[in-house]
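Below: a set of structures, written as structure tokens.
Two complexes are shown next, each including chain A; its partner changes from chain B in the first to chain C in the second.
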Partner chain A sequence: MNPLKVTNLTKTFPAQRTFWGTVKNPPFTAVDNVSFEVQEGEILGLLGPNGAGKTTTIQMLLSTLKPTSGEIAYFGKNFFTNRSEILTQIGFASAYVGLPKRLTVRENLEVYGRLYGLNREQRNTRIKKYLEEFGVDHLANRETGALSAGETTRVMLAKAFLSYPKIVLLDEPTAALDPDIAQDIRQFILDRREKDGVSFLFTSHNMGEVTEVCDRVLVLQHGKIIADDTPEALAAKVSMAHLELLVNDLEKATTRISKRGLPYKVHGHLLEIEVNEHAIAQILQELTHAGITYTQISIRKPQLEDYFVMIAKQAK
Partner chain B sequence: MKAGERMKTVNLRTSFAIAQRYLYTLSRDRWLLFEMFYWPAFDIALYGYVSAWIGGPSTTCTVVSAVVFWHAMLQANFAVARNFLGELTSGGITNLFATTLSLREWIAGCAMLVVPISMVVFCLCNVVSYLVFGCLPLAIGLITIPLLTLLMVNALSLGLISATLLTQFGLRVQATIFIIGWALALAGGAYYPIGLLPSIVQNAARLTPLPYLFAIIRTPDAVTHTVLQNITMAAALSLAYLALAILIFRATFRRSLRYGLARLTF
Partner chain C sequence: MVDKNRIYALTTRYIYQLSHDRWHLADMFYWPFFDLTAMGYMATWVSRDAGSSWLSSIIGCMVLWQLVVQTNFVVSKNALLELISANVLNLFTTPIQIREWLTACFILSAIAGCTVLLFCSLIAKALFGYNLLSLGWLLVPVVINLYLSGIALGTFVTALLFYYGIRAQTATYILGWIFGLIGGSYYPADVLPLPFWLIARSIPLSYAFDVVRYHHLGTTFIWHNLLAAAILNTLYLLLATSLVRRLFSRTLRYGLARLTY
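What follows is the complex of A and B.
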């Protein structure tokens, strides 16, 4: 039984009217007939430019936003008729959602422990465990409002795992973290998947992170899924690679590249050419024939970020 | 919260978390605590001295007793309103309703919050009233229990109306929600009998439970059947208004799910 199955999910926000009845904002479809599944132990990335419908989708998956149509089923059960039962098995953390600032870290987690129906022993054990796991045990008695953004994010992650969820929805979980801590969090996510078979739905603007963590990526654009593949396969859809050369005659080289109509950038003596990866050998041969020598060469293959930039440009 | 869950019961542990959340905040926020006791004490002193000047000791005790009961309700109403407002200002409303918490559990949590706040304010106001004017509102006897209980029911109803306004209009109305209770003070019969009001306002005031409750506080020596009549009327109206407040809040909350709870925090 798949942890999550979404079928034909659509969200159209109704028209917003002023007090006098005139239309302030016309109806707007933020998510349009989206269907996907998350397998057990799978880490599924949800990518897309701003306004693509990622957050709207996550809100519907948490029942804090009512879909216009479509179905959401967790573990084979309809979400709308089994909400409470299902939500005990869903964890959620977002860099954009807060916790009451005057409560200490422990008090906040204590409250969430109760909200998930945990008894006193379960609350104490799990709060201690996750505070240690996320490296914030020394902040247990500090007010949440006094924490840095990175510390708050780690507390939010501790909250997300408190109920021992089977599926976790993470909205930009590492947005405010230092690189070393972000790496620890990614490792934690991979460990939970490996050891407990936890599934994840993951949104992030860090493409390197998505490539490292996600098994599969859904790309949303204007509320529709436009791609569903592995990060590597998506990157491969971008045929342009970046060729960097340290050349002896920069002027001659740029003239040559311009004649071919290829986009390029110059950084000091370094020439960066954007070129189809299948044409790299031919370019190098042409430069050599023209008497241009190079002392350093590097080729950066297309990455997920290149794909993201490509679709973001298309969206505009 | 959803159609399929209508028959489900309230998990008291979950509900208690809602009350606990506010009590934690209250225990840490000295200004909040100060305000909760300052305004009742201020009102007791102000109205106590004014009535002592105009009417003498027996009037003072009647007025001060009504003020004490009034604040036991008002401060509990503010606690419910602040609790919901706190969720919005901390941006945590999505977090909260992304747990197993149902709307009925949230309402039950508010009811759990109203009880200790009302009782603590009532007890401390009794102390202030006794120390300053030698008047103990508790001395009206066992009738205190149904009176205080019905005022708690009204505190919850008013709190839910505040939450309804916040759900419908967001943080724009965060100052307005504290006016609701005070607006009722004019026609609630707490500070003076409603007989002093214009007849049209009197008739409107009789449709609310508060004048019946404060009539008992003002004339505790009234014949038993008059007291019983007032209590019955106040109980019926209080429960009717609570039911109405719950229905309106639920309808507004469900409507807000069409736009998303996250929008409330903007």
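What follows is the complex of A and C.
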């Protein structure tokens, strides 16, 4: 049984009206007939430009937003009719929601542990374990409002795993973290998948992170799924690579590249050309024939970020 | 079905909050003390020639009014706390249900209400020689009625907060005092002009406070007042809880996230 199955999920926000009844904002469809599944132990990325419908989708998957139509089933059970039972098995962390600021870290986790039905022993064990795991055990007795953004995020992650969930929804979990801590979190996610078979639905604006962690990526644009593939396969849809050259005659080189109609940027003496992967050899040959020599060369193959930039441009 | 563990969890959440936030203790002790003392001395002066029964009726109502203020405030303040800390989204991604949240608030209201009532009755005894227990067995139905009024009002404010979000926070502070003006706590509803009298008579508070006055002034009509207060309280509490559920459900059409901005 798949941990999550979403069928024809649609969210149309009703028209917003002023006090006098005139329409302020017309109805708006944020998520349009979206269907997907998350397999057991799978890490599914949810990508898309701002306003694509990622957060709206996640909110519906957590029951904090009512869908207009469609079905959500966790572990084969309808979410709307088994909400409380299902939510005990779902973890959630987001960089954009808060915890009560006056409560200490331990108190907050105590409260959430109780809300998830953990007994005293389970709470004590798991709180200790996750605070250590996320490197915030020394902050256990500090008020949550006194933590930095990164520390709060790690406490939120500890909260998300307290109930030993079978599926975890993470909305930009590493947004406020230092690179080394973010790397630890990514490793933690991969470990949980390997050891406990936990499934993840993951949103992030860090494309390198998505490539590293996610098995599969859903790309949303204007509320619709426009791609569903592995990060590598999505990156391969972008044919343009970036060729960087340190050339002896920059003016001559840029004239030559302009004539070919290729987009380029100049960074000091460095020339960056956006070019089809397959045409790189030909470009280099042409430059050489024109008497332009280069002393440094680097080629950056298309990455998920390039794909993201491409679809974001399309969205605009 | 409600889950008692989740209710207990929410209760501890607000007790933790109170233990860290000493300013919230001011709500429980400073304002009741200020209100009771100021009104008590004014009543002492005004009723100097009228007799001790008048003073008792005013002080008795003042002490019991603090119960209404506190029980109302505890329910609505807890909703506001969740909105201000942006915890409301986190909270409702756990298995809790709105009725469990309300139940926890009602339990906390009862605890806070009893604490404030005890505190105010001690102040009244020490400063004005008034004994709340002089109400005898009537104290029980009166306190229950006033508690129900307080939580019904708090639940109504919660409904507004869960629909309008932080923008409605003013309601948390002012609605209770509006009911103080027309609820018959400071003076009987009979002294109000007809339109306000009609409103006062549709509010259970005015019947409950009349019972206190009647008892101290030695007049009758106690039973039907208690009955009217009980019926209206039950009705308003049912309406308020149903309004919370209805408006919360409407909010889910737009998403809980919108409440926090």
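The working rule: the second predicted complex is superposed on the first by the 316 of 316 C-alpha atoms of A that agree within 3 Å, B and C clash if a C-alpha of one lies under 4 Å from a C-alpha of the other, contacts with A are read in each partner's own complex, and residues count from 1 in each chain.
Convention: a contact is a pair of C-beta atoms (placed from the backbone, for glycine too) under 8 Å apart; a residue touches a chain by one contact, two chains touch by 3 or more.
What you see is a predicted model; the values in this text were computed from it and never measured.
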item: Fit or clash - chain C, chain B, common chain A; value: clash
item: Touched partner set for A:N82, first chain B, second chain C, both or neither; value: first
item: Contacts of A:E143 with chain B and chain C, given as first, second, both or neither; value: both
item: Chain B versus chain C as contact partner of A:T22, first or second or both or neither; value: neither
item: First (chain B), second (chain C), both or neither touched by A:N50; value: neither
item: Contact residues of chain A, present in both the chain B and the chain C interface; value: 13-14, 55-56, 59, 62-66, 83-85, 87-88, 90, 92, 94, 97-104, 107, 110-112, 114-117, 143, 159
item: Footprint of chain A on chain B - complex, ascending; value: 1-5, 8, 11, 13-14, 16-17, 20-21, 24-25, 28-29, 86-87, 90-102, 254, 257-262
item: Chain C - residues contacting chain A, complex; value: 3, 5-6, 8-10, 12-13, 16-17, 20-21, 81-82, 85-87, 89-97, 249, 252-257
item: Of all residues in chain A, those that touch chain C in their complex; value: 13-14, 55-56, 59, 62-66, 83-85, 87-88, 90, 92, 94, 97-104, 107, 110-112, 114-117, 143, 156, 159
item: Residues on chain A engaged by chain B in the complex (per definition of touch); value: 13-14, 55-56, 59, 62-66, 78, 80-85, 87-88, 90, 92, 94, 96-104, 107, 110-112, 114-117, 119, 143, 159
